[in-house]
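Structure incoming, see below.
Lettered A, B and C in written order, each chain numbered from 1.
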């Protein structure tokens, strides 16, 4: 095991009914690089994220995070080890204010089973929440319910929630899906800046974006890893072109 | 003035009224309303326990009467069968209901949504039927009555006891008030915020590292404790315990009070309980079948004001302050 | 021994009636995602309407025809006024149907009265079987329940409406996109559920009591059948209803019926916790 491998995925299998969603996936994520996972619909990308974060138990195989086996660990314990993720369908606490959203994520690191302490007295979480509001440009909405935000701001807030947990590795599932060109550009810029501080794995459909931001690309198809390499290598890989990029050109 | 201050004023007003009720109520209505009001306070605690689960953690329990019944039987059995004094019996009732909440919650909170509602009913029915058939201990259909032991006794002659109506009223107010204070503190704590995340989005809550199961279980145990205190107080109030109070209709009534009062607000259950019990007391004399009116109110509230009266009130307060604060753009409320 | 056979047979008859009622509960849950607390009261309304038909016309057989139709009509009205408006607040459906339950019970108490009444069965003869005199009406009740259940399954699998109902249950969005009138299907499902419970009431009225609280007793039993059979598993519901009633009937011959009820409830909670899709899940899927 190389010390730079922050995430190792070994022979992961997952079936839905008779269908193999993941059919022996082997992959690793290197620290210090922004890794992208691409592949056609149904390739198993989101399922892989679900297995990594403990949402779905794999039928076989192992997931190691920072050298530690996290297969079959509960979702919240994996989060506590420093693995955060966003969901394809944006997922925040709709009925809570933006600030409360960030606050609780930060407080999760210090523990929430404190029934006799005032929430507002939790200075570290307060500080993290305020700082992230500022960083993400959400300060003006800090006291508004998350449900009232625009789509792009909700996506930003979700990333902010993930960051508030101070992760070592951040999994982003189609972060710019559904955004307009301006929002996309802003978000891509933010992701690029973030990648300087923490390790990021991103699932993305927009090939241009992927090639623009990533250092390493993993191509998945039909529940398997088809190819892996730098964006330059992938864009010239014949197998990938036929399996995936070719389809994309038609569209 | 902010919405927060208004609500705090509301709490102060309710507290003041409650403290002065023995003097205020007889001025306007018959004196027995003081008794009814203390009964309302007790029942409001049962509604509050439903509200704690549904309004803050998003679990609809249709079985809170189980813990109410445990509190009742704990007191009655403690005094009548074991021969405990006032305080030990009180403690026994609360301990019984809290333990029961821990055991049933351990199993029940693995389920959510409709399945949770169903299993809470099933659990309460199991113990309802058990209480009915375990006649030597519970008295079955007839229930179990007891004579009130004194709260404190000084020698042979002087004793403070709930047989004194004033003592009884203030004892109930004190205990009910303590429960609301406890819930208020918990809901403002990090744990209280964690409750809300589980209600809003349990997947996201787990993904930020919160143990959703433990949070639900904690809420369930606190709710069981609160319902148990209510049951124990009601046993003192009526000097008896009966399985009838464990039936799912009692749980259902508590759900109705909580929803009509406004789930997710601390005082909603008090408002809902007070309103519906007043309705019962007033309407039942006028029209024997007043329950039809209650049923209609329930349906109308669910359809037109699913956040209950508390929700209507909060919406109104917020709208007024939104207007005076920015005056220009009314927010589009996301449903 | 004779008592065991008699109670066991009573159990099966009663189980078939429960199956008929529980099927209605199950389709309402399966399609509308509504926990119908008022379902027991739909049954109760059926018994009261049966009594009413007998009282006014003197002919009990008419009730078998008229009462399900009235039930269906009431179902349409209730679906339109109560169920449709709360379609988007599913969590509160339990509360709304609880309100409905209060209205139905109190409405019956106000019109029919609070005192339970017994009806004379339209068939009063007995028949010699398994060494005991058995009431023919009970056999008839079982036959009607079986016929109604078979008719229901036939409707579900052989008619266009039935196919639509299955489609909406399976995937409401796709079904709507395919042009299936989902709203109408919801209404018909709910009304059908009411009609089946009401028919159950007509069948059961002569062998039980007509009482405004009858629904309160029967509701937990229907839920047990639906849960143990598997939510949405209709064949399982029928099997579970008959098995449970037989079990409780036999138990009742040598133990307190309450103990039998506690046993069934414990079984139900175990099923809920371990196999929330019912004991027959996996056999069919």
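The working rule: contacts are C-beta pairs under 8 Å (C-beta built on N, C-alpha and C of every residue); 3 or more make two chains touch, one makes a residue touch a chain.
Fair warning: this is a prediction, and the values are worked out from it, not measured in the lab.
Q: Going by C-alpha centres, which chain is most central here?
A: Centre-most chain by C-alpha means: B.
Q: So, comparing C-alpha centroids, which chain is the farthest one from chain A?
A: Relative to chain A, the chain with the farthest C-alpha centre is C.
Q: How many angstrom between the C-alpha centroids of chain C and chain B?
A: A distance of 33 Å separates the two centres.
Q: What whole-number Å value describes the gap between the mean CA coordinates of chain A and chain C?
A: 49
Q: Centroid of chain A to centroid of chain B, CA atoms only: how many Å?
A: For chain A versus chain B, the centre distance works out to 42 Å.
Q: What residues of chain C sit close enough to touch chain B in their complex?
A: Interface residues on chain C, with respect to chain B: 29, 33, 35, 37, 82, 85-86, 89, 91-92, 94-96, 98-103, 105-107, 109-110, 216, 220, 223, 227, 256, 258-259, 261-262, 265-266, 268-269, 272-273, 276.
Q: Can you list the residues on chain B that touch chain A in the complex?
A: The contact residues of chain B facing chain A are 185-186, 188-194, 196-197, 199-201, 203-212, 214-215, 218, 331-334.
Q: State the interface residues of chain A toward chain B in the complex, per the touch definition above.
A: Spelled out, the residues of chain A in touch with chain B are 53, 55, 74-77, 79-80, 84-85, 87, 91-96, 100, 103-105, 107-120, 122, 125, 144-145, 147-148, 161-162, 164-165.
Q: With touch defined as at the start, can you tell me which chain B residues reach chain C in the complex?
A: 54, 58, 60, 62, 107, 110-111, 113-115, 117-119, 121-123, 125-126, 129-130, 132-133, 248-249, 252, 255-256, 259, 288-289, 291-292, 294-299, 302-303, 306
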